[in-house]
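Read through the structures below before going on.
Next come two complexes, and both contain chain A; in the first it sits with chain B, in the second with chain C.
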Partner chain A sequence: MNVDAVNAALLQSNELLPEALDISFKPIPAVLVIAMLALFLVVGYLFKVADTEGMWVAGRSIGNVENGMAIGANWMSAASFLGLAGLVALSGFYGLAFIIGWTAGYFVLLIFLAAQMRRFGKYTAPDFVGDRFNSDTARALGALTTILIGFVYSVGQARGMGLVGLYVFGTDYATMVLIMMAITVAYLTLSGMMGATKNMAVQYVILIVAFLAAVYVVGLTGGYSTVLPQIEYGALINDLNSEFSEPFANSSFFLWIATAFSLVFGTCGLPHVLVRFYTVENEKVARQSTVWGLFFIMILYWGAPALAAFGVDLYDASQYGPTYAAEGGMSGGEGDLIVVLAAQLSSLPTWFVGLVAAGGIAAAIATTAGLFITASSAVSHDIYTNIINPDATQREQVLVGRATIVVLGAIVSVTALDPPALVGELVALAFSLAAIVLFPMFFLGLWWENTNRQGALAGMIVGLTIWVAAVVNDLIVPFSDLYGQVFPAIGAALVGTPLVFAITIAVSKATEEPPEETKRMVRQCHSPEPMSRQESAEDVATDGGETPADD
Partner chain B sequence: MYDDILVPTDGSDTAEAAVDRAVDLAAKYDATVHALYVIDVDAVNYSLGTEQVDRIRQGHLDDMPEVKQGADDATGYVADAAAAAGVPTEEHIRAGQPALAIRDAIDEIGADLVVMGSHGRSGISRALLGSVAEKVLRKTKIPVLVVDARGEE
Partner chain C sequence: MTQNPSHEPDDTADDLAADGGRPSPPSDGADGGRPSPPSARTDGGVAEREADVDYLDTEINILKPKTPFMRDHLKQVWAGFVAWTILTWGPVTATFLAPELMTQELPIIQFPAHYFTVAFVAPTSSLVLAYIYTRRRARLDEKYGIDHSTPAESEGGSSPPEEGAAVSDGGEAE
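Coming up: the complex of A and B.
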């Protein structure tokens, strides 16, 4: 099958309603979900910012483990909790590209970006682009990309929450999407003073307990596995259809590589991931919490293929199977819900399935909250305060931020009513955008001091154009087969990212070098001297004229 | 009559409209002017991101030079006006929800009068932004002199 056929097959299978799902109002799961939301608010209240004077005197730091959990919760959305197993279930071997893509990126982040970003020390991702390239246009492009990423990513979350909500509360998909998004937006307006990192750690614990419970209990009751379902599911491989287990049966080698590439480098370009590194104590904590974060993420990812395999086998055996039937078979909606479905098809009690569903909602809310705040800061801080109205008061910033969240929430809800792709695929689109537009700016900006404004602008504009064209071609109005082959929307970064690198470097070389102060700032990000807490690269670069040694 | 006059300011023209009256009163009663800037945690959350709220909680305001600069500028304006009139001043910076932080500052400083500006908002913008002056009025027992910025022009 070629790329187009895969996309067509995935789109055709995208019926919204999961037929096999038991859709009705269930009291115990509903109480579980509501109790979980209440817990978030209580934790937030207990750890709200205490009003004290002189806050710049020492305070308590966030440790590696806690920060790692926050990274995990921020990272693992409905796409990881639901979509990953769904993609593996629906497209077998191709789904593994997502598991590899969504974890391997952390190595690039660890080696090339985490500590250096901490040294640069700014507030938002567009801040970095704007300050590093001395350009408000670059800042605006960075902010626009950030908002687009937040939008596409959140549509996936809204779809996931709507589907899970169906199991818990019944009604219909559209109502559930609207209710769940309303809850998320309300939660955000309440969470201003809330214990950000503490709450994320709680969200992480809920989602990982729910997921592992699903993997272990489904494995045990189905007789698939005992202590290590992550490995034991291998015994099932030969029994499952070859569409599940045969490499490159559902998608070409090129699409596999392109997807994995996009996800790896998209990870390193996602604004809501990078901001976590700005605020840690120092670059050492930045590195250590990256490793902890990856570990906490792997705990879920090791289990996802196992749960997908159990789910496919259970689905085959159920009245709805076989999974890969030419007519019927597992729909997109059912794939997205395979985590919940597997528990339901194992005839487990509703409270248990409800726990799994609550985990899915926790994952979606945690990530959507992070994305919406990133988008609101892109509008309120980067566009409004930095470009439009430098005298903006704090109250105006709050107003602009809240308006952004409400408007974005409305657009996301409407789009999610009829989403063009699966949860995992929608989220992957955001990654390919981050990999094409933002990753080259972060990487070159931190590692090559001669990258200048003209190069960055040229690179970002080309990158944005490539991505928009790829999405239009794949999902909205197909205009070229060849373009779709080279730039599949999900994997557009494989060709797109190197192209943006080349253009940025070529234009930077052809135009004037950036000012000396900018170069010093870049060098300071790599200084072997451990940084003191108060310093950012900018301070050091403006204070001292000497050039620190390169590392 | 008054020994410690609290002047909350966010650096806006509205807030600064109240400064002249506060300084005048302080000069008459030999009182100290306390300039207060509250770093609004909601503003930090929406505009800089939730991670920066953590930063404030950890006491790392020095890592946020722009925020600290904004605070220093706002309280500095009040201090300059007071110095010009020969009135002693103290500058305070706190973080939290503005109205609550102002109430706590009143208790801590032992202030006996609050002088603050107000936008005189009504309708939708009042519903969306609320009025800090109104909330302070309700939360404190000491006299509050509210200076409507529109009446000062």
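Coming up: the complex of A and C.
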């Protein structure tokens, strides 16, 4: 197993500034980006909400194509728009683990969780864990995990926005991170989920147009492709350095599988993805919008390796090349910006490169918005209202939610000033956490009615411990080679998730079965009988009564 | 393994009876408000027979489905999952096991086979499988007379959809 390759990639990321990037203030791209941000604020304002239902789940009124676009925009962050092509360019065949990891999970989500989650009908992931396992401790652990995921994931976005901002505004990296995060936070505190969801459709259109424009135009001007760059780049692969495509040159088979596994099952455990299923009319729309969502995601994912191949070829030919040099070569910062760089190195006009850059910013803002909304509801709804102050008024809840967004924005900005990894890698860490801690709870909680509180608590605590230790070992204070090999931070779920499953099942079997109401709630999630829009499984199973937590 | 072979199609009633240690809920009282699915179809009587099942009284176990609906649904789920496992993890595993064979150039598109199957075929297969599953699941809904387009009104004070629609208009409520 080649941990060195990963460490090397991580070290590379310290070369933060992309040397090949033209850093200067560019008026037309700047106007484009500012106009786009203004548009987000206007849409957000028009659909602003003042009540909690609207703040978090958009009144459950979103249709399937629109929700599919929201799934796509929410999903495709700076990690997809920028980081993915960067990983494919820098890590070669290993980068493809991210393509599979960030798409294939939607099928698992669709067949096992999407409709059942919609029928469960609760606001947030911690709500699910808390209500299903009848435990405020589980709710708090779920909320903590949600916040951690939002944090790690957003650091990647802030890095992406800062780097792209450099191209457009040309100041320095730190200033760009701070400005971009300030805009995101301002927009979110003004608009809430409804505005964010309406914006996501807009953001999806901007980011996909920008990305496809880059793929097609760079392919055409470079003479690489004509009508189908997503397939035509294949002919280029054998002309590139063998590092681009040689199997397992940059990682072992184990690390490849572990990474893809973590991303696939992380997809099924990410709270900001699941919350999208609460925003739809019924379970049928939940299923259809998953398919639409995956389609909208694939439109970008089919093109990303093509753009990576074009980018590597252009970089090789430029004064900065070759890409895979022992000394120098493409830096982490340049890899993260390969999408923008490819357009710049093709000598395309600055307004066009600016459009691509704007797409990157739209991608980052859309996802950060989704993450912050989810994290803020974890604090205000799950921790504050459910545990600290059950009598909280709606106004207090919204206030706490907004304060959370501001505080989280500040912490993320500071961390992003010196991020420990590439955009794609940072985001992958969040996935491995979701795959280890939340996915087993969702899956067992919905598919095995005898999963109980003790089992869930044991599983979540073990899962959190495995992940924290893996991140500390890989990125902060290395303490064990063996641990790093079994639980590489990015791929900790391959061994971690089955372990958490086993522990949850064993402890549940060894302890008392959950109460009958809980079982009825699980059954209601699978019953074929239609439910009304505002109804939750708990309403049906307990005839509308709230069940207080057991602990 | 997708099914517990010991379950005959008609043992649902036995399972329900075997559950009998649990007092059956006063189903007319607790659930009676919920209309049963529109089961007045005549296509083989499946819907009608399912209408007799109280889903809130039937155990959920992914390995041992207890109702005909769950059995049919899980058949689709597991078939999809097996296909997905092969298509998603097959190409990369084949590349590991037979690198020589997999790195050969494909005719016409000139891709190295491993790159094309991993970067294109595997992720695209998830989309195709998702589409097929959704179609088949919709047909299953039809077979069991499930219609989500006219959601059942809940009993016991849930807000009617109209109220939700007002809220969803963007907070005009306040």
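Please note the rule applied: the second predicted complex is superposed on the first by the 511 of 551 C-alpha atoms of A that agree within 3 Å, B and C clash if a C-alpha of one lies under 4 Å from a C-alpha of the other, contacts with A are read in each partner's own complex, and residues count from 1 in each chain.
Criterion: a residue touches a chain if its C-beta (ideal position, glycine included) is under 8 Å from a C-beta of that chain, and two chains touch if they have at least 3 such contacts.
In this text, all values refer to a predicted model and were calculated from it rather than measured experimentally.
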Chain B versus chain C as contact partner of A:His381, first or second or both or neither: first
Which superposed partner A:Pro305 touches (first chain B, second chain C, both, neither): second
First, second, both or neither for A:Gln397, with chain B first and chain C second: first
Which superposed partner A:Val477 touches (first chain B, second chain C, both, neither): neither
Greater residue coverage of chain A in the superposed arrangement, chain B or chain C: C
Partner chain(s) touched by A:Gly370 [first = chain B, second = chain C, both, neither]: first
Touched partner set for A:Thr124, first chain B, second chain C, both or neither: first
Partner chain(s) touched by A:Trp256 [first = chain B, second = chain C, both, neither]: second
Chain B versus chain C as contact partner of A:Tyr278, first or second or both or neither: first
Touching both chain C and chain B, counted on chain A across the two superposed complexes: 49-51, 53-54, 58-61, 192, 195, 533-534, 539
Contact footprint of chain C on chain A as seen in their complex: 46-51, 53-54, 58-61, 93, 96-97, 99-100, 103-104, 106-108, 110-112, 192, 194-195, 230-232, 234-235, 237-238, 245-248, 253, 256-257, 260, 264, 281-285, 287-288, 290-291, 294-295, 298, 301-302, 305, 446-449, 516, 519-520, 522-535, 539-541, 543-544
Complex contacts: residues of chain C adjacent to chain A: 22, 30-31, 34, 36-37, 50, 55-62, 69-70, 73, 76-77, 80-81, 84, 88-89, 92, 95-96, 99, 102-103, 105-106, 109-112, 114-116, 118-120, 122-124, 126-127, 129-131, 133-134, 137-138, 141, 144, 146-161, 163-165, 167-171, 173-174
Contact set on chain A toward chain B in their complex: 49-62, 121, 123-124, 191-193, 195-197, 275-276, 278-279, 369-370, 373-374, 376-377, 380-381, 385, 393-395, 397-402, 404-405, 533-534, 536, 539
Of chain B, residues touching chain A in the complex: 10-12, 39-43, 45-65, 68, 92-97, 100-101, 104-105, 108, 128-129
